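Common to both upcoming complexes is chain A, partnered first by chain B, then by chain C.
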Partner chain A sequence: MDIGLLGQYVINGLMLGMMYALVAVGFTLFFGVLNVIQFSHGDVLMVGSFVGYTAILALAAIGIDNPIIELLGALLASVGVVALLGALIARYLVLPLRSSPPLNTLLITLMLGTVLRESVRLFFPDGSNPKRFPALLPDEAFTFGSFTLRVDSLMLLIAGLLLIVALHLVINRTRLGLAIRAVAQDEETAMTMGINFRLVVLVTFAIGSGVAAFAGVMNGLYYNEINFGNGLLLGVIGFAAAIIGGLGSIYGAILGGFLFAALQTIGSVALPFASAYKDVFAFAVVIVLMAWRPTGLIAERTSERV
Partner chain B sequence: MQNNLIYRIPVLGRLSESNLSLFAGLLAALLTTGFAIWFLKAENEYVIGFLLALAVAVTLGVSRLGGLGYVGRAFSDHEKLMNGAAVCGVLALAAVFREDHFTLLMIAIVLLYMLAGLGLTIQFGYLGLVNLSGASFLGVGAYTSAVLLAHTAVPPLLVLVIGGVMSALVGCLLVLPVLRTKGHYSAVVTIAFAILFMSFLQVNDTLGGPQGLATGEMALFGWGFNTGIELENGFYGSFYLNYLLLALALLVIAFALVKRLERSWIGLSMDAVRLDETAAACYGLSIARWKVVGFTLGNFLIGMAGALYAMMLGFIAPANFSFGDSLILVSIVLLGGIGNPWGLAVAAAIVVILPEKLQMIQEYRFLLFAGLVVLVLLFRPDGLLPRGMRNYIPGGGARS
Partner chain C sequence: MTLSGMKTVVGMTAMALALGAGAAQAKDTVEVAFIGPLSGGVAANGLGGRNSAELAVALRNQDPDAKYHYELLVLDDECKPNIGVQVATKAAADRDVIAAVTHYCSAVAMATADVYHRFKLPAVVWGAVLPDVTYGNEYPEVHRVNGTMINQNETAAQFMTEQGYKKWVVIHDTTDYGKGHNEHFSKFVTESGGEILETFGVASDQQDFTAELTQAKALAPDVIYFGGLSPLGVRLRRQMEKLGIEAQFEGTSGIVSDAYLQGLGDLAEGSLAFIEGAPLAKLPGGQFFKEQYEAAGYTDPAEAYGPFAFAAMGLVLDTIEAVGPDRGKVIDALGNTEGKDSIVGEITFDDHGQNVVALITKYVAQDGEWLVWDDSEYASGQRSLVNVQ
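Right, the complex of A and B next:
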């Protein structure tokens, strides 16, 4: 295999990995503060990409066709609406179920995901067909021999990286981040220290969902197509990535996201069987990894309280 | 003490509470059968809507007056009689609709979903093992039967068993990760398997790819199931009647098995494992052993249901066994009340028959059921018919 083609695969893999990592970060943030899995996260992402799409159409309808404004409008609308959606999910579905078994939260959010997915399919105009997402980023490309680097991929990668860095700073350098980490460590102690537990939970859900919305718009820009069913697979992959990394660890989630993308890329390129089996391969490796490290690669360091 | 209470009812005279509950239970079984016949016969959407409203109103009214308690006691005190009544109810339905292909198919699908639901009940209700790939195990059974019937001369009845065994064997691949992981981590294992299985079916050309496979028919003692029943006295029955009766027979066996299992020391051990693994281990129960036994047995039942399902439909495709279908199976178990086999009957009937009867909601069915499960989880987390207290003294009556 020549080096240019290899570079192409690496860029594609990085792109996928970035999206998975952004989804996985949400799972791990939610798990950190509440010890629950918000399984509708993937569908929340899909809602994000549809909100962004609608915003672009709306801006175009009132006569604005500057791609930068359109892009900013789409991002703002999508992140804002979806952050609100995330907070609402936390307030009305996740928090009320805190005293019931964790399985119920998993199921209720799984079902909510179906509700979101079906609602978009049934109630969004012509929602059952894939939508063409407008290409707003410059479509130039650098060519180095057989290796083509598209500018839009590069911009998306950099944007994703910046978002991860920003998230890292928020978690580690701000009072809000301190509160989130405190709640994640021990909610009762955090409450006695004067931290508003409900507010922290709602804000965390808003942040996590906002990040997913960003990933949703990114997904639309990269593939130039959005579909009501996109969210489920992305959600499952994000969840798997968060789990491989070890729930509760943000860096684990990012690692897991890139690892999963690497598995898919290896599955489609380097292995002897047909590339159609790439998902089969990636999920099989996930199952094996779970058997090997039952609580993820970066394991939770807690002993069970009886 | 309770048995000494005597009730005076004008028509029936003096009845002990136990007999009163038996009477209530039989009446409920009779009414339910009658209602089911009326409902399945109804064509007009307004009539169906009226019947649904009637059912909800009557159920709510009776439960307000405390009548459901009697029905519940009938099921615990006079179990054999009530089980017989339920079977008679299904047989009555089958007799009434013997010529109606579509209705029979629906009833048979309800029975098979119940059979699969029983498997999930063992895993989910007794052991607390989350299996979010129920439809995949259904698919393993279905594809096994399709391949065996097409390429070998294995007798179809044996194919059913092999379908179950295959499903259990495939489940064994997952046993190690399922045993080692807990809670959310184990949920991801089964979800990953569901997606893996689905994409495997879609890309595997030997198994028909996305188009699927045609399956052979069930046959017993040389009697092909895909021919209608015609007797000399002019009796005619649709060929689905064959499948319905076989599904009913399988269900009765599995039901009896699961009920016995629940009541025995095995069920007690499984309950202990679910409620508190650490405590159960301290009392000398082998967590791993019970989980393996329960998981495998559950998958066996699901696989068997899948094998018969494939023969009955005559054609299977990957789309029948998607992750969404696994979620539907889980909703059935949850909606009915985790761990209560009778709840499965109610939930499976709602989930299968309602969308077929109300064509206008057909398009919205995933939305509606998902919404329904969300509401049930929020407001009635134990399901429609919650599992009752364990009856520790058989024959001693339920002392609440």
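Right, the complex of A and C next:
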């Protein structure tokens, strides 16, 4: 295989991996603070991409067609609205069910995902059709032989990387991060230390959902197409990525995201069967990995769930 | 309006109401069903079909000469075979339902044929194009007004090789629909001297095609042939652009929809597709259908297969009018359909219940519209397709 082609696969895989990683981070954050699985996370992402899309349409309607302003508007609206949505989900669906079995939370969020998905399909104008997400980033591309590097893909990758770094700094360098880590480690002790547990949970859900909204807008900008079903598979893959990385570990989730993308790319390129089986291949490897490392590649340092 | 004018209107309304009430009392009610994908990725086509079938029923109910009053049972198959079997069973098990106009998705139409046979419910397919829906069984219950992908791909292969194209990469979804297109197109195009460089089967809900397209790019084909439906077509065409692939995009009947054009905008320009039947404006009853559809005030477009749903429902209602609301008689009468006028042209069923009048139209996307090839600037030479030799 020539080197240009290889480079192309790597760039494609990195883009996919970045999106999976951003989704997986949300799953892992929620699990970290509350030990719950928020299964509508993928659909929350899809809502994020539609909010961003609506913001762009609204800006265009009032005559603003500067791509930078449109992009910022889309991001702000999307992250803002979806962070609020995340906090509301935590407040009204997840927290009230804290004392019931975790299965209930899983089920209720699974149903919420269907509600979100179908609501967009039914109530968004012409929502059952794919929507054209405007290309707001420069569309220049550098071509080296068989390798095409688009400026917009590069910008998205860098933006995703910056978001991960920012998240790292928030979790490890701020009082908020300290509180999140404290709650994740031992909720009761954290509360006796004066940490406002409810607030930490709400903020964590807002952050996780905001990151998903960012990934949603990124998804729209990368594919220039959004549809109401976008979130379903992204949610499942993000969840799988979080699991193989080690649920509760942010770096594990990121690693899991990139690993899953790599598996999909290998599945469709290097293996001698139809590329339709790439997900079968990737999920089969996930099963093997889980059998080998049940707690994930990077397990939580303290595990009290024995 | 003058007072006397007002009186006339009031009088006429009262008379119409009285007549209407009288007619409704005199007529027996007959139930017919429509099944299509009303939710999910291809819901746009399903809703167009539903509206068209509903329109056919409404027009019949307005007809004072109709012997029966018709009620429409609408069911959603979600374009999923398992759901399709459930709703088909629901319709078929209901003895009040005399006949059904069924399915846009081939995979669903395949799965439900057994159900209609088992319950002896006459079914007329309005959109699915897989040949096996009618040819893969010996069921007298199953009919189809639209043509099949065999005719479609024969025309497509012939047309494309005439343009001078030689090398294809085929990408198809792995449902029966996509696989069928792949099979028939590959066969016809190889026979007419074309070469298939590589074939990729992809999942029907796949989002990312960069891995497949990167491989395709390395092979440098003249044409990328896509066997699948609009949502996937939009993604594929978009990602071709992203990866800088210079190849003509050739689709199937599955992408001839407004959803494809709206999902892509300028990028749809020059996409090719082939479809059974003729455009609304060129159909014998196209203008009539268009006017009625608009007058009924539907917000969703009828989409490409709306007229077929309308024609299928019209045929079902005509048959019930002729032989009465009896499933067995309707099946026999439908089987003998020959030279029947409809808005999609003449309908003649062969011994498999397949309409043999296969009219295939070539389409090209030009300025955000699906234009008949012969009317386009591509045919007249003002614009040209990608990689034309």
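Methods note: the second predicted complex is superposed on the first by the 299 of 306 C-alpha atoms of A that agree within 3 Å, B and C clash if a C-alpha of one lies under 4 Å from a C-alpha of the other, contacts with A are read in each partner's own complex, and residues count from 1 in each chain.
Rule of thumb we're sticking to: contacts are C-beta pairs under 8 Å (C-beta built on N, C-alpha and C of every residue); 3 or more make two chains touch, one makes a residue touch a chain.
Note that the structure is predicted; figures quoted are calculated from it, not measured.
Chain B and chain C, once both complexes are superposed via chain A, clash.
Looking at the shared chain after the overlay, A:V94 reaches neither chain B nor chain C.
In the superposition on chain A, no contact is made by A:A83 with either chain B or chain C. Of the two partner chains, both chain B and chain C are touched by A:L233. Looking at the shared chain after the overlay, A:S119 reaches chain B, while chain C stays out of its contact range. Within the superposed three-chain model, A:R150 lies in touch with chain C and out of touch with chain B [touch as defined at top].
Shared-chain residue A:L221: touches no atom of chain B or chain C. In the superposition on chain A, contact of A:V47 is made with neither chain B nor chain C. When the two complexes are overlaid on their common chain A, residue A:D279 makes contact with chain B and with chain C alike. Of the two partner chains placed by the overlay, only chain C lies in contact with A:Q264; chain B stays clear of it. Chain B is struck by only one stretch of chain C after the chain A overlay, and of the options 78-86, 132-140, 186-194 or 222-230 that stretch is 78-86.
Shared contact residues on chain A (touching chain B in one structure, chain C in the other): 118, 232-233, 274, 276, 279. Of all the residues in chain C, the ones that touch chain A in their complex are 39-41, 43-44, 47, 174, 200-203, 205-208, 210-212, 214-215, 217-218, 230-231, 234-235, 238-239, 242-244, 258-259, 262-265, 300.
Taken in their complex, chain A has these residues touching chain B: 31, 37, 93, 96-97, 100, 102-104, 106-108, 110-112, 114-115, 118-119, 122, 232-233, 236, 239-240, 243, 247, 274, 276-277, 279-280, 283-284, 286-288, 290-291, 294-296, 304, 306. Residues 128, 130, 132, 174, 176-177, 180-185, 187-189, 191-193, 195-196, 199-200, 203, 278, 323-324, 327, 330-331, 334, 363-364, 366-367, 370-371, 373-374, 377-378, 381 of chain B are the ones touching chain A in the complex.
By the touch rule above, chain A contacts chain C in their complex via residues 2, 5, 8-9, 12-13, 15-16, 118, 121, 126, 128-132, 141, 143, 146, 148, 150, 153, 223-225, 227, 229-230, 232-234, 264-265, 268-269, 274-276, 278-279.
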